[in-house]
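The structure follows.
Just so it is clear, A, B, C, D and E label the chains in written order, and each chain counts residues from 1 on its own.
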Amino acid sequence: MLSGIAFWVLSVVAVGTGIAVFRVDSMARASYALAVSFAAVGLCLVLVDLHFVGVVTVLMMTMEMAVMAVFMVMFMGMNPALMPMSMTHGTRTPAVLAVGCFLVLGGGAVLVPWPERRGAPVADPTVALGAALMESKMLVMLTVSAVLFATVVAALCLATTRSRYDRFGDDLRSRPSDPVRGGVGR
Amino acid sequence: MTLQAVLLVAAALFSVGLYGALSQQVVVMVMMGLELMLNGVILAAAGFWWFTSPSPDGQVLLLVVITAMTVEMAMGFAVATLLHRVRGTDSADAVTDLRG
Amino acid sequence: MSGVLLAALVALPLVAGALLCLVAVGTAGVLRAAPWLAVGTAALTAAAAVAASAAATRPMLSWAFLPTVPGGEVRLLVDDLSGPVLVTVTVVALLVLLAAALDGEHRPTRFWGLMLLFLGSVTLTVTAATLPGLLLGWEIMGATSYALIGLRWRDPERVRGGQTAFLTTRAADLGLYLTGGAALAGGSGWSLERLPDATGPWVHLAAAGVLVAALGKAAQLPFSGWLSGAMQGPSPVSALLHSAAMVAMGGYLLLRTSPLLAATGWAGPAAAWAGALTTVALGAVAVAQTDLKQLLAASTAAQLGFVVLAAGLSATTAGTDQLIAHAATKAALFLAAGAWLTALGSKRLAVLRGAARRFPLLGGLATIGLLALAGAPPLALWASKGAVLAAAREDSTALWAVGLVGAALSAAYASTALRVLWSQAAPEPGGDEDPGTGTVPRALLLPIGVLGLGAVGLGALAVDDAGPGELVLGGILALGVLAVVLRRPAPAPSWAVHWLGLPRAGELLGAGTVRLADWSGRGDDALQHGVLGGVAGVRGLARGVAALDDAGVAGAVDRVAADTTRAAAGSTRLDDAGPGAAVRAVTRGARGLGVLARRPQTGLTHQYYVQVAVVLAAALLLVLVVR
Amino acid sequence: MLDLVVFVPLVAAVLLAAVDVGDRAARGTWVAVTVLDLALLVGMAVAYRTPAPGALAYERRLEWIPSVGVGYHVGVDGLSLPLLLLTGVVFAGCAVYSLREQHRPRAQAALFLFLQTACLGVFAAQDLVLFFVFFDLTIVGMYFSLAGWGHGDHRRSALQFFLYTFLGSLALLVGFIGLYLAADPHTFDIPELIAAAPLQGSPVAGALVLGAVLLGLAIKTPVVPFHTWLPPAHTDAPAVGSAVLAAVMLKLGTYGFVRIAMPMLPDAWRAWAWVLVGVGIVSVLWGALVAMAQRDLKRMIAYTSVNHMGYVVLAVGAAGLVSGSDAVARGVAVTGAVTQMVSHGLITGALFLLAGVLHDRRDSYDLGSFGGLAAPAPRFAALLVVGAFASLGLPGFSGFVAEFQVLTGSIGATSWAVAAVPGILLTAALLLRAVQQLLTGPTRGLSVGFQDLRATETLPVAGLLLLALVVGVVPATLLGWITPAATSVVELVGR
Amino acid sequence: MDYGALLPEASLLAGGVGALLSGSFLPRHRQWAARLIAVVALLASMVTALLALGTPTTVFSGSYAVDTGTAVARLVAAGGTLLVIGLGVEELSGDRRESETYALLLLATLGVVVLAGASDLLVLVVGFLLASIPVYGLIGLDLSRLGAEAAVTTYLLGALAGIVLMLGSVVLTALGGGSTYRVLAEQLSTAPRAAVAFGVLAVLTGLLFEAGAVPLHSWVPDATQGARTTSAAFLTTVPKVGGLLAAYRLVEVVPTGVPVALLVGLLATASMVLGTFAAFAQRDLRRLLGWSTVSQVGFLLLPVAAAGRSDLALPSLAVYLLGYTVTNLSVFAVLAARPDQRTVQDARGLARQQPWAAGVLVVGLLSLVGTPPTAVFLGKLTTFTAAWDGGLAWLVVVAAAASVASLFYVLRWVSELVRPPAGTTPSPGLADRRPWATGTALGCAVGVLVVGLAAGRLLDVLSTGLVR
């Protein structure tokens, strides 16, 4: 019962802040709203015993929104709080499609005779998750490691204009020549 | 709190995210829309896990989705940075050299 | 042995002729020995022909040609029918070639080669006992006649004469293709003597085919028109083509296939009537001519009418006699006409006035020939015509009467010519064709004389067959008409001057075909070019209609042409609406699709998102609805 | 032996393409290889003994893609032997004709040798996929001949040619796949498919598959109304290209009728034979009429090809009208059809080579621009006249042997075939008109100072026409090869 | 666990890491060492894949299949990447990001192989990520204007596709009570049909992005035009191997009630038609090729549509993939050898200037339209047969028509090749010659013919089905 009330409260928060993301007039506020929405969903996860995953979600999104704020200030040179802006290209088609999407998904959610629960949740889902990760779903995690590696490489290649050869010379023997000294402890 | 309710909320989140992804010009804002869609997917996955099959598979899937969200966002930032650096804009609509 | 003879008969002139033609192309000059090579070959051929027809056993030779069908081989045979004709043809050819060699004219090597090729094809035609063999000779004969008539190819008029001759006879020749098909379908095979065995309706088709082909070659109605144009050829060519060989072969074919004609019940009378009517109609044409060669040409058709008449009545012997007698007579006359043409530079009768007086020896020979043509007793054609008419009387009085009119007309045109040749009036100046040489080579009189002898004596063959009544009647008729016409010129029927309009009809037919072809061509362009072609086609059609108006042809032709126009317009429209439109639609559609397919690629990512959403929604609908 | 014949030109082509031997040597090699190949073919023909019905001479069978029933299977019978010989002769003629070619002779030699292998391969193939492989390669080869050595608007013509014929070949492929799937066990092997006749008793599927196959073959043949690619392709092609296109490549389509469509789909063939008869008659008449309207010599000859191929279609169509007709007549029709393929190849090949001379000397095919050509160029004139008469079906030349059998056989099978007979006359008229326009009358226009044929031009043309003459006078050898095969085709259609 | 079975994948990962790490220490013009590492890794991957041929099995609790499909992916993807590196030697040599490029190529290849071998939706999802993320990097790598634009487009479409893929995976996992295909194949037949159809469609959508098929094709022409030739060659070739084999595996799992064959057939039709017609009037050669690959995916979807309905479906897919890979790379190799060839007009006279390059192009382009005896012809022959055998005769007719239409744009290019050169376009001097790219092009052209003539034998080997 209590969980039911909590769920609905969280749902309203999640959806409401979700809508707010595209209603507020600055990107910073939008990112805050998104963070709240994610936090609400993360808490919903906790409600269904997915403590680990729920917490991970909340933490990750908090970090991610922090990064986004930093990103916007540092790279795009804008003061998010002070730049109200309209950033859409018409809203009618997206609105129609979104409503249609909701009708399809919602209709499916309500009308489809979803299967009954198979088996009961284990006592400690986090332990079960760990066990799965290390056994039957080992390959998934192995691949995820490669994905993370690839992401790092690809993102760095795209995001930085200066390569090591720009900094250290073609034979990597020069002193680093950075227009703006950066890094920690230099 | 039933599966249907959870899924309805998830559908709402997904649709709102879709609206954002479709309507926004700025790449970062489109990414937010995509994240919101993923948010809905996460909620649906949790609901499915709890109400239909509380097996480890569902949990791992959740974890994978969250990971995917993270890496996609990281790439999104990288691409947005690239666009800003090379083309001096943050709007996906502003670059239409490639068409036809 | 007999096989060798037959092979020599056919192969000798063909091979020698082909070699001479090759030499002609290769040297581009004149081979001095060519005339005598040709005469020698012809002499050998004639000797072989005599030997073959005199042989005790019937010489036969065959080689595999179309082995799938019985009678598909080329089989050559010398029998009672082909023997005399063969001898006539080869001897006349020898004499004509001799005359050509002696007349002092300068002829290209090609001429001698083509003449020999022609001779070979004729011997092949005469001896053929199967349909493929017949066609082989038959059509090569046509083709070489084309080349001979158009020998002087720098003059388009002469070439056109050859073209008309070839196309008309070839149109008729298609009858033999029908015969072939009918024989195959009727199960009789392609042996000529087995053709009457064809079953059911096929025998009729076979007979019709033969009939059409023969009438075409023999220049019978309604195909007579080509003979007029064929007079463009050199005189020796006319002398051979229109006496013993090409035209005569039409009659010969009917003689050869008279069992087939008889088997149908209708084809024989049809042939007989065609022949009889031709004797009258072309006889009138001959009377109306003002040109000696044209007169002789028309008389050829008319005289061959008797052969065809005889063949239609299965009076093979009478027909053969008429054929042979006519061959000798007509060859002599054409050679004489040619000699005058060379001497006076014209063949118009007005120029030839009194020619017999100027050249009495030649005139004498020509007179014999003309008298024979008139059917004056006791010359050869008198007897043979009598035999034919006797056969006609047995069959039908009407036919007999028409034949008699034809005989009278032949006396009329012969005496018209005689009257002019011996006329005392001053001739018009000649030289309208070539500057006249003013002389006739003496040597030329030898071959003409020999042929004249034939015209006198060959009647002996036929006297037995002719009924005495016909002989008397014919003799009186001929002499009477001669007497009348020599005193007062025969009235020239104006409707017959232009060969009953037959050449003009042929021209119009040809022009209509060409126009039809032009329209088809435009239609095809429309097929190729879609819209542009279609528009051009319509415009071209309009231009065609306008041109037709300008031409202002006679009313009847107008109607025919208008019908054709309508048909062509219809087919163009059809083309435009059918395949043309389809091709056009495909082209335009493909190009349009090319533009359309690029349209979604706007460069705007959010529109790609919309596209994805819409397509996925449609796909979802599909997978949900379809089971 | 057969493999050698098929692949020797290809090997030579690859070598010529790879090694820069110089222009003279390239031309010489081309001639030598084609003559060698022709000699091998003649050897094969001499040693050829008619195999039992359904069997093949010089057969070779190797596995290629066994799991889909595709094999390298080649062999020769009475249908293919004459066409193989024709291919060898025509290509040898083209090689000699090109001895004076100045325009990238090495590449041209390589291309034509490649094309020769492709053409020989089609006639030798006894497997549908192998057939298709070679069939398509001929299109590729001809495209490059057109695009690389053509004149006028040749890029456009080449494009149209490729697109149109490729459409046909894909329709063919679809049909082949249908045959493959219908056969049990699945196979692409031609003799096996003939023996199985897989779609007997299923009229709808049979008709659809036949429709696909026929579409492919009809475009290649070409029959009205699929002929529109042919005239532009011919007009803009080089002389040797035109010769090969008309003499050999059109036969790929008609050969397909007797090799594939008729024996494999007898039920459907019989059901739809009347369509072919109709299309054949229309092609005969339409081709002749349109040819008559042409002012361009090459276009005119191209349209006579439509006319001549129409006879073949008429004959094979008539062969399907089994009920109420005589088997002998149908056999004659099919024999005539195959003879027509050979005959048309010899004669039209020669005519196109002659037309090429006009372009070589004067850059024009326009009949109206010439006149009286017989005076400066007697050899040209003589050969053109002989070629024209051969083409109009004069007895004594191969065309007569073919057309007489086609017409009589078809009339024997159906009296509707009579409608095609006027085509003979139309052809005669149009060829005479063209020849007269070009050769006779006063020498004028582009004819003045026209250089007569050189030896390298005379030899191939005269050779082709001589062969047409030989076939026309003593056809027994040729018919001795064709007749058993044609009879067996007629039997197969009749089952 | 079964780590030994993953040696080919491990070599790719090791190669990627090795190339990146070594690159950190290599002077700019000696990054060939990183290339060497990458090549060795690819070769090692292929060799181990060959050695691993044998009884099909699954590893890691049924989440990864080691069967003919995976073997094909391992060999074709790694081989394709090898050729891409070969054709890109000159373009990449001395580039600031050379080592990173190799690392990204290998990682993407790894992702493709994982995608193709995935027998578990979870592995499929991570495989998708691993196959797509390096591709974004490869597209934007040279920091060019067009590259950046193409990277944005690709990223946005890829992210959307990933989300839909995950949504589908969530639904299917919920319905099946597990994420492995073995479980799904058992459970889905009793699950609600509409939900199954939804899930399948969603998962398929993600795979269509990898394959570059309608409706997620829009990035392909952009990326092909905007990216460097090496990247373009890679992204139009290798990811398709993973996407299509994964789609094949998925379709085989789908229960009979869902009209997946019809769905895939229609998507194939859309791809063929759209790709072909959009390529018609393109002026930029790379963009033209981009569109042509869209149409090629349509053909490649034929056997996917026939999956489970014809024994020939999988072998034909494999053969087509192999043939398509060598064919497409042969064309790109020529473009890599002649970077000055940007538009169709630039190709004019290439046959005179560089006959060999033109020859390769002709072979490659004719193969693209399916002219025998080239590689794609064999692919078309077998896929058409498989599709018809699978009851999709209409699709075969559509595909044949599309083949004809595709000839049009190919001939536009070819006819420029054989035209006489315009004016005095100088043929490139020896210094500008690109031996590696040219060599790769020749090798590919030979490969096109060899595959076309000899790969039929492979069909037997491939006829064993997939495992799950």
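Please note the rule applied: contacts are C-beta pairs under 8 Å (C-beta built on N, C-alpha and C of every residue); 3 or more make two chains touch, one makes a residue touch a chain.
Remember, predicted model here, so these are calculated numbers, not experimental data.
Enquirer: Among all the other chains, which ones are in touch with both subunit A and subunit B?
Expert: For subunit A paired with subunit B, the chains in contact with each are C, E, in label order.
Enquirer: Could you find the two chains linked by the most C-beta contact pairs?
Expert: A-B
Enquirer: Closest chain to the protein CA centroid?
Expert: D
Enquirer: Between subunit A and subunit E, what's the gap in Å when you average each chain's C-alpha atoms?
Expert: So the centroids are 30 Å from each other.
Enquirer: Whole-Å distance, subunit D centre to subunit E centre, using C-alpha means?
Expert: 42
Enquirer: Indicate the whole-number Å distance between the mean C-alpha point of subunit A and the mean C-alpha point of subunit D.
Expert: The mean C-alpha positions of subunit A and subunit D differ by 70 Å.
Enquirer: Which subunit C residues touch at least two other chains?
Expert: 598, 601, 603-606, 609-610, 613-614, 620 - these are the residues of subunit C that touch more than one other chain.
Enquirer: Which residues belonging to subunit B are in contact with no fewer than two other chains?
Expert: As it turns out, subunit B has residues touching two or more other chains at 14, 18, 21-25, 30, 49, 52-53, 55, 57, 60, 64, 67, 71, 75, 78-80, 82, 85, 92-93, 95-98, 100.
Enquirer: Would you mind listing the residues of subunit A that make contact with two or more other chains?
Expert: Within subunit A, the residues that touch at least two other chains are 89, 93-94, 97, 101, 108, 114-115, 118, 136-137, 140, 144, 147, 151, 154-155, 157-158, 161.
Enquirer: Graph shape for the chains shown, where an edge means the two chains touch. Line, ring, star, complete, or other?
Expert: Shape = other; not a path, cycle, star or full graph.
Enquirer: Following the definition at the start, I'd like every touching pair of chains, please.
Expert: All touching pairs, sorted by chain label, are A-B, A-C, A-E, B-C, B-E, C-D, C-E, D-E.
Enquirer: Could you please specify the touching residues of subunit B with respect to subunit C in the complex?
Expert: 18, 21-25, 30, 92-93, 95-100
Enquirer: For a test of understanding, state which residues of subunit E touch subunit C in their complex under the given definition.
Expert: Listed in rising order, the residues are 152-153, 156-157, 160, 164, 194, 197-198, 200-201, 205, 214-216, 218, 221-222, 257-260, 262-263, 266-267, 270, 273-274, 276-278, 280-281, 405, 408.
Enquirer: Considering only the defined contacts, which subunit B positions touch subunit A in the complex?
Expert: These residues of subunit B touch subunit A: 1, 3-20, 22-26, 28-29, 32-33, 35-36, 39, 42-43, 46-47, 49-57, 59-60, 62-64, 66-67, 69-71, 73-75, 77-82, 84-85, 90-91, 93.
Enquirer: Contact residues on subunit A for subunit E in the complex?
Expert: 108, 111-115, 118, 135-140, 143-144, 146-147, 149-151, 153-155, 157-158, 161, 163-166, 170-172
Enquirer: Which residues of subunit C touch subunit D in their complex?
Expert: Going by the criterion above, the answer is residues 21, 25-26, 28, 63-69, 132, 135-140, 143, 146-147, 150, 153-156, 159-160, 163, 166-167, 170-171, 174, 177-178, 180-185, 187, 510, 513-514, 516-524, 527-528, 578-579, 583.
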